[in-house]
Structures are given as C-alpha cells and as structure tokens.
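Shared between the two complexes below is chain A, which pairs with chain B and chain C, respectively.
So, the complex of A and B:
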C-alpha cells in the first residue's frame, strides 16, 4: 500500500514525511524526522518516555498514529529550550540533579511543561499525580518533584 | 539535604563535596544525548529475534528456508551459527559466567529453557519484513514438563533442565543430575553451641519473588562488520570492554577486531552487564554485510533479560536477654533462572555482614528453573538475605523489649570485626549510621492512626577492578579526560571534580568523555558500585602523572633536576634551595611550551583498583496501612548511609533515593507472575508496576562520611547499598502498624488484607 503523506508543524517548523498506516507518531518523529530526543520505553503508553504535546495537549506519542499528526502542531523535547537559553524546567533539573541516566528526562520535561502551562502553581501532590504516567527508575522522583516545584515558583516570579 | 558549598570555611577541598552542574547535563535535558536506540547508520537493517513460546522444550529442528527466501531478508541465524563453548566458570564482576551457558542463553541450542528464549534471528530491510520472516521460521519443538519455583525444582522427580548438571559442593558427589547447581556454606564458630547460650531464638521462613531492574531504556545496539572482518558495535551497556570480550569469544573473533562504543545508557542497575543482542547483531551483520540495528521491546526485556532471583530463605537467630546475638543461621535457596549462577554466594556473604556474631552458619543453594537467566541487580543477592535477617532482628528486639536501633548497636560490626565470610573489616560506618538514625528527628516523631515505623540496616561489599584513564593537557591548557566506565548517573561530574581538585583548574576547563574500547586499555564495567571509586582513583593517578610531566618540562626549561621542581596550587615552581629563582608557571603556560619541551603531555593510569570498602546503611520508614484494603503506603522515609566521602553529594543522595524507590517497589508491588503453563503473565509496565511519583513521599537522606583509607579522597561505592535495607524497613514498619509479621514479598494489598483478616480473627491484629 502506498505511504501516507503527512504535513505537520514540529516545534514551530513545518515538516512533511511519508509514513505507513500502522506507524506511530513516535516512530515518525524518531525515524523519519531524526528527532530522537523522544524516547521509547514500552510502546504501550505505560512509561511516558515518549511524551510530546499535540496542539498543546500531552500525549504518549507511541499511542498515536503518525497519520493523525496531519495538520497538527507537535511539541517535542527538542523545542523546549529557546535558542541558547534553557527553559527554566531544564535549568532546574540540572541544578537539582533531577536526572541520573536521563532516559526519562525528555518525557518528564515535556509533561512538566504541559502541567505548568495548565497549572502554574501546583501542589506537590498535583505534580506527583500529573507525572504519575512518567516512570523514572533512577531518582525515586524526589529531586524531580523539587525541580518542577522550583521551576514553577521561578516562572511565577515568586 | 546537607549543603556544602565551594569555599566553605573548614573545607579542605575546593571542588570535592560541592554540587556543580554535571557536564553531560545539557545534552540530557535537550534531547541531544544519544542513547542505545538513537543511532542510525546508512543502509542499516532491522534485526529481530524469534523467541520460544514454551518454558521448556527440546528443539528437534529449525527450518529457516522460507524466511531466507522472503524478499528483503538479508540474513538469518540460529544457534548453529555459534560454536560450542567449554564449560568453565569465570569471574565477571559480582557474578560468575560460563560461556557454555552464555552461548546457549543468547541463542538456544538443544533446548528452549524458558518462555522468551531466543531461537533464531533475522535481519531485514524493514521491521515489518523482519517480523514476517520470523513467522516463516518453522521450529519443531518437543514440549517438556517445566518447573518455575526453586523449592519445587529441588524436589526429587522435578523436571531436569540440564542432564549434565550434578550438584557441586556436596559429599559424596551425586550420581544423578539435579537442578541444584551447587551448595555453598560459610561457617564461623559453632552455631549449634551458640544457640545453647540463647535466651530467645526466632526462626522464620521467607519467600521473595524475582524482580526486574526495570531500566526505562530497553536493550539496544547497532553492529557493523566490514568485509575484512573489522567490527563495530554501538550499544547501551554498563561495560563495553566486557561486551567486546563476550562477543569476540562467542564469535571466535580477535578481540582487537571488535571495537565497542558505549552509547548513553538509560539505566542498567546490573541488568546491562551481560550480552543478549550484541552477538546476534554482529553475526547478522557479518552475514548480511550491512549494519544491523536491534532493539528489544519492553515485553522482550521482561521475558528474556535477567531479573534477580526469587528465593526461599530460612533464618534462625538466637540472642541473650541483654540483646547480644550469640548464634545465627540461614539457609538460602536462590533460583538462578535457566542457567546456573544466581547471586546466592553474595547473598550468603551479606546475610550477617553488618553484625559482629561469633557463631554463624549460612548455607546456600543455586537452583535452575525454567525462567530467564538472572542477571545482576543492584547489590545482587544482598537484599534478599538481608530482608530476612533484618526482619528477624526486628522481631528479636520486640521480643526482648529492646529498641531495634539499640539492639543493632549492641551487635554492630566495626573496624576489626571478623565477618563470617572471611575478612576483617577496616573502618566501616555501621555504628555511625545507627547513631545518625537514633539522632534523626524522624525516629522520634509521633505516629498517627494506622501508622507504623520500621528500621533496618544493610551492607554491600563494593568492588574495584581493572581501570584505565587518560588525561590530555591540551595546547591551550584545557584538559581532555577519557574514562572507560559508562556514566549512568553522574560519573563524569565526579571524575571532572577529582581531576580539578588535583590540578586546581576550573571544572569547565576539563571535558570528560567515555572512550571506546580502542581508545583505552581494558576497563571492567560500571557495576559493583565501582565507577566513582575505580575511575576516580585512576583519574587522580592520571592527574598526578600530568603534574609530574609538567614538573619535568619546567625542570628542563629551568635546567634544574626534576625533583627540584614542585607543583603547588595550580603552578609549577622551583622548590627547596632554588625556590624563588624562577617565575612559577601555570599548567596553561606549561601546555604552551609542550611541543618545545618534549611533545604532548598526557597522563595515563592503568590500574587494578584495590581497596574498595563496604558501605553500610540504616533506613527508617513510616507506613500507613488501610485497614479495609490492606494497601500499605510509605508516608515518610529516611535513608542514612556511609559514602566514605561524597564527591558530588547530590548524586550520592540520588543513589540513596533511587535505591529506596526500587526497594519500596520490591517490598510492595513488584513480582513476576507465572501461570501454570510456565508463561509470564505480566511482561509490561502496566501489570509489573514499578513505583510512580504518586506512590512515594520525598525521600530524606543523610550522608555519613567514614572515609575509605584506601582511596585518595576516601570514596566508597554508594550505588548498591541503598536497595538493601528497604524491604525489611517497610516490612518492619508494616509489622509495627498491623501487629502482623510479613515474610513474603511483595506485601501487596490482597496479601496484607488476607493476613490482617486472619489476625483480626485470632485477636492478634493491631487494627
């Protein structure tokens, strides 16, 4: 069967790619567009390593077909920093040592950014439940939660 | 959180003990870092593995002809593509390996020994074609009876996995094959006599389930073999020299022909110390003459890569009324998976290591079952035996009416204590962690309704081993540091800090990388909590080598004897009677004249790092148990551990916190669930539930520092010990909350509720 031609916006840039019907958005991002910052940990939507935003909404890109990206605006980890300036979340993750191996980090940053856009002043419990779909096996989450809370505080200008 | 900042008055160091940003950090928060599955090569093929659907079956034949004919298939391999290997156990870090088994584990030969066992592999131009090809491979199986549980596997009449396995370590030598690979024994004093002095004796049986390391990144590699036999592998691994050795051995190639590059690694915890895909990818690439990329699915990770053992453990401890332990015994039956080599030996050695006990007897059995071969998992073997021992010690304290920390202090191992497994300890921090626990506010805070508090300690040996590092002083005075132990959680930061401390140069003037196997001499893997210890020791030596060479160059320039020049606070200067005769030169200035004074300045260290020292920990945990559902929730946790010296305290804390989280998962949720058909029923993160952010509280840490005299900065390994105490800490807290002692893991809600109901019926429950 012929491949599908998809045009979409990724991190503000217009992109086009060809994909198979069964291909996931995750595979298209990684294999067609070379954006390997988005990770595959399970391919069943359980680990959150592949978190991206689609028209501002947080999704597991392993659970979405690439053809469904047609006309959509996709946000990935590669679009989180602004030029040379890291996003406050990225900076706080480094300052708080909120990553060890770093494989879950892109997904967690994308998810945390989506949280702070909806809720700039989350409680610790809200952060913990929002990130409950993003597995981290290294850190025990302590420093991740602190980094997100600290970034939220800085972004609020508090 | 303990704070130590640069320039803190009283600190003898400028960099050690501070919290700089890690040098690989920006790459990891921007998505730039390249992990195992992130590399793509021009013309690469996709490799996929056909796996056994049966837990135990004889392979009568494999027909790959239809798969080979499928358009787009470029290579197919089976066990026949690998040579037979002789049976011999050789040390591989904290575990032993036998190539006769390794060759069978990467690809089954005469039998499939577990569901998920690799049977054949294909390389094709797309994943879809590769999958189609797997479906075309015909395997003629003779299904055999299987055995999943270690105790069942030890019974007479159990299905035998290996016809040539006779239990080692028993007299007289058995004449019939068995699933028990070996029996081991560690004896100190006379346990039977010791028990006669005891006022109280408690004996309990424990059962633990296999748990998976659960790294978020599945195994992944790309292999490329050229027409002249030069091979390259890019792989997510804890040790690329080890991957090289295994692959060269399994394929019969020269070690020097194989170059392995370590990608960034997305978690390992011991599980990435062995090979699964790498030899297959190389064999496929050689046949196909194209690069081959292989990535496991999560389901394959669960079904086919090593978890740690499940075990049956019996513990018996006797103590006098004053709390002194007079005798201790343990019997450990660890399941190894399909091939011999469970971590029962370290399990035996750790069992009573935190304590000074005169009479100890520990017996261990290594038992094969139809499950994936176990791999190392953070302090392999220790958490299982110590869970049992620390639970019984808690019960003894309760029975004698002695505070559990006091009871441990009365029996704590210290410098000079002879361990039951042989050595006399140097300085160790058992007493210090217990004192810190006693002094911690957590220990005294009142508990609420349905809540309980537990405490437990833990021990792990830590290792050193072969290590190489190079440190080049560049023309402009900056430095390039190349180490060979993959960085899983901040190694590059700590190596950079140790080099900066030695050389007195700013951290940002040193760029540190993990070199490939052609760039350095042999490096043993990142495991055994050895990388900051060993590569740190080598980095210090390499830095001192740079300093020595810098002094030599200045001596040449100043026409002085070499020993008349010294390095002091970042500068080379004349010493002794010549002091002040020449203007001191900075390393940068020496770098600038390197060409004229003898050529490039590079420090090397090639060491076998000795003097690794154990790290001990004491943990405190509060749980709240829901009396209606049986769900136990950890509401407060404090991990106290001896780091020797924390080079970068944030990453030391991170190790403590991460180990605790894994331990809580092991205690409360995680287990392999098998059906009567011998098939794993929960090979995914939905049903094999690791702790998520909403399951856990903040995890408080206290870094105790009892420096290791054998390391230039006092470093002990810290990565593994943190997973040792949590299971008993949580169990002791649940016992405190409910009045019920749990001896089976995981302490999941249905199990807790059932036990609570029984206890309520008999009137022994506290809720």
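So, the complex of A and C:
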C-alpha cells in the first residue's frame, strides 16, 4: 500500500517524509531526515537513548509511530545547541565529564532540557527520578546528576 | 499494516468492526509498539483513537470526572483538581514506566493491555470507576473490575473501544491510595499492587470501602471481604489485622522472577494495611 506522507516541524523547521505504518518516529528521524543524533538503544522504551520532545512532551521516539508525527512539533538533540554555541547542559556535561561512550548522552540532554524548562530549580531527587528512564552504563550517573544540577544553577543565574 | 486515525468514535468502531484480520486500538502505544516489535502481535489494522475528542479530555461530570481513555499519565498529573480529588489514582497511573513513558502511556491502554500487574487498574477499581465502552451496538458502562477477564483477555466484543472512564462523585470524608511493591525504586512491574478507597463519618467510623489487588491473580481483583473488614470499624489494629488476612486470602498468585507465591501473598496483606492507612489519612483531611 501507499506510504504515509507526513509533514511535521523538527527543531523549528518544517519537514516532510514518507513512511510505512510500522516505522517509528526514531526510524524516520534517523533514516528519512538524517538526524542521527537521536540514538537507538533498546527499541522497547526502556533506555531513553531515543528521547525527543513531541509538542513539548518528553517521549521515547522508538515508542511512537512516524505516522503519528503528522502536524506535531518535534525537538531533538540537533536543536539543543544554537549553531556553534553549546547549550549550558552540553557545556556542563563536558566540564563534569558526564559522558564516556556517549550513546545515552543525546537522550539525557533532551530529557534534562525538558525538565529544566518545566522545573528550573529541581532537587537532586527530582533530577534522579526524572532521568530514571535514561540508562547509562558508563558513568554511574553521579557525574550526570552533578552536570544537570550545575547547568540548572547557571541557567537560573545563580 | 494499515493505519487509520478517525476523528469520531463511530468511525473508529466501524473500522474495527469491519476488519476481518487482527485489528488493534492505538492509544499511547507504549505496550503495543513493543509487542509489535517483538512479534507478539502482528495486526493488519491500527486504529489511532487520539484524534477522537472524548478520549483526550478530562471533564467534570455528575459531580465526578470523565477521563478520556487516551489521556496520558503526564496529563493526569498536571490536572490539579483531579490530583487533589483522587491522589491515589493519579499516583498509580504515574508509577507506570519512566518520564518518557508517562508522556504517552494511558489508562485505557493500561487496562486493555490485559496485564494483571497494571498499576492504574486496582486504583480505578478502588475508586469505583466505570469504563465507558462504545461499540457497534452503542454505549455501555462496565465496572472496571469486570473489564479484564484473564491475562490478555477482555470483556470487550469485536468493534468495542473504551472511550473514557467515569469516576463517581467522591463522598465527603473519602480518601484513596495506591501502593505497589517492586524490588527497586523506579521502572519496574508490580510484584503486588493495592488500591484502597474508603469513607469515614464525622466520628471516624468507616462507612464504605473498596480494596483492590493487582498482580496476585489472573486479573486485578476487587476484594470485598477486605472492604468488609474495614466497614463499621474505626480502622483500628484489629480491623487492619482482619483486612490483612482477607487480602491474603484473596490471592491466587503465580511464582515468577519477581516473586514467589508465598511472598506475593504476604506482601498483599502488608500493602493493603499500608494503603489503607494512607487512604485514612486522606479521608480525615477530605
């Protein structure tokens, strides 16, 4: 049968692509739109590596069909920095060495950015619970949590 | 595999009723997409119900609430009045999965996925919620405890969809709570879940109660003897002891990697007592 024709907004730009019903938003982002910053980890919604925002809501792009993106506004890791200027979260991840292999990092940055937009002054416990769906097998998490807390503090102008 | 996103319940029902192959309703997709990915299901038709207004709204109705079957966990949490009225229910729905899963997961899907361990279901049962079901023969309202029959088996007939849940008006002096036990603090499936809703009068005597257990039988249970143990008492130690015993007696669990039969039975009694004390605290304030 004919493919679905989807138009959506990704990081503020209007995009269109064709997809089959079974393709996920993650597939479309990576394979149709070439936005390979969003990573495929488990493909079952457990690891959070594929985290994106859809109309401002944090979701796993592996748990959403591409065809469901029709008319939606998608935010990915590619939209986090402003050109050459890194987002405070990205700078703090570098400063705190909050990444090693890096596969989980785009998802964690997208998730952490979504938290700070909702709650600019989170407690460490809130950060840990918010990021519980983002698995990292390298860092042991403490550096990630410190980087997010530090970025939040800087963004509040503290 | 076809994908349809109808804007009315009538269209959705017609699509499901007319499909001769396997058809699935798509709400949040957090279970369905995983099952499709792992070849547990292989539908020829997906009917996305999120374009249908009733499935996506939280409305006050008849003194209570009508909650769309495709309202997400994150949206439930953000609804201040729902959260203050039915904190146990909202907390139960919010226990499902991660922040990301909460952005998509729905109570309609949690129930229709047909797992005995679904977190929102015992809370819905305790609250006395009804599923508002629309199908080829019209609409019917079914108590939530009667919707799931066995693992992956529902009382819905071909073409029927749960459009919304009806929560009754909450009586004065009522409080609800849901607790689940998992071996870690986040991101796991219930070993046991327990929802309690109870009402007390001005003298502190329990006048009504509903107790529901999840993950201890082939489907979530409404445990009437556990409620009977509370009603007419001041929820003292003796009543809690009877409640504990009644909850344990209702369990018919399986052994699996999350817990043995004996362990689940014991934990069911403990959770029933603890959830009752939280519900009582809320009832005193409400």
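By our rule, the second predicted complex is superposed on the first by the 158 of 158 C-alpha atoms of A that agree within 3 Å, B and C clash if a C-alpha of one lies under 4 Å from a C-alpha of the other, contacts with A are read in each partner's own complex, and residues count from 1 in each chain.
By our rule, contacts are C-beta pairs under 8 Å (C-beta built on N, C-alpha and C of every residue); 3 or more make two chains touch, one makes a residue touch a chain.
Predicted model only: the values in this text are computed from it and were never measured.
**Student:** Give one of first, second, both or neither to describe whether A:144 is in contact with chain B, with chain C, with both, or with none.
**Tutor:** It touches chain B, and chain C stays clear.
**Student:** Going by the contact rule set out at the top, does A:113 touch chain B (first), chain C (second), both, or neither?
**Tutor:** neither
**Student:** Given the touch rule stated above, what does A:132 touch, chain B (first), chain C (second), both, or neither?
**Tutor:** Both partners, chain B and chain C.
**Student:** Thinking of the overlay built on chain A, is A:62 touched by chain B (first), by chain C (second), by both, or by neither?
**Tutor:** second
**Student:** So, does A:24 touch the first partner chain B, the second partner chain C, both, or neither?
**Tutor:** Second partner only.
**Student:** Where does A:44 make contact in the superposed view: on chain B (first), on chain C (second), on both, or on neither?
**Tutor:** both
**Student:** Which partner chains sit in contact with A:93 here, chain B, chain C, both or neither? Use first/second/both/neither.
**Tutor:** So A:93 only meets chain B here.
**Student:** Which chain, chain B or chain C, is in touch with more residues of chain A?
**Tutor:** Of chain B and chain C, B contacts more residues of chain A.
**Student:** Of all the chain A residues, which ones make contact with chain B and with chain C?
**Tutor:** Touching chain B and chain C on chain A: residues 20, 43-44, 46, 129, 131-134.
**Student:** Of all residues in chain C, which touch chain A in the complex?
**Tutor:** Result: residues 1-3, 5, 26, 28-30, 33-34, 36-38, 46, 48, 50, 72, 74, 97-101, 103-104, 186-187 of chain C touch chain A.
**Student:** Within their complex, state which residues of chain B touch chain A.
**Tutor:** Residue list for chain B touching chain A: 19, 21-22, 24-26, 28-35, 37-38, 40, 128, 213-218, 264-269, 295, 297-298, 488-490, 648, 650-651, 653-655, 657-662, 684-686, 690-696, 698-699.
**Student:** Using the touch rule from the top, collect the residues of chain A that touch chain B in their complex.
**Tutor:** 20, 30-31, 34-44, 46-47, 49, 76-78, 80-81, 86, 90, 93-97, 99-106, 109, 125, 127-129, 131-146
**Student:** Please give the residue numbers of chain A that touch chain C in the complex, ascending.
**Tutor:** Contacts found on chain A: 1, 4, 20-22, 24, 43-46, 48, 51, 54, 57-60, 62-65, 67-68, 70, 111, 114-115, 129-134.
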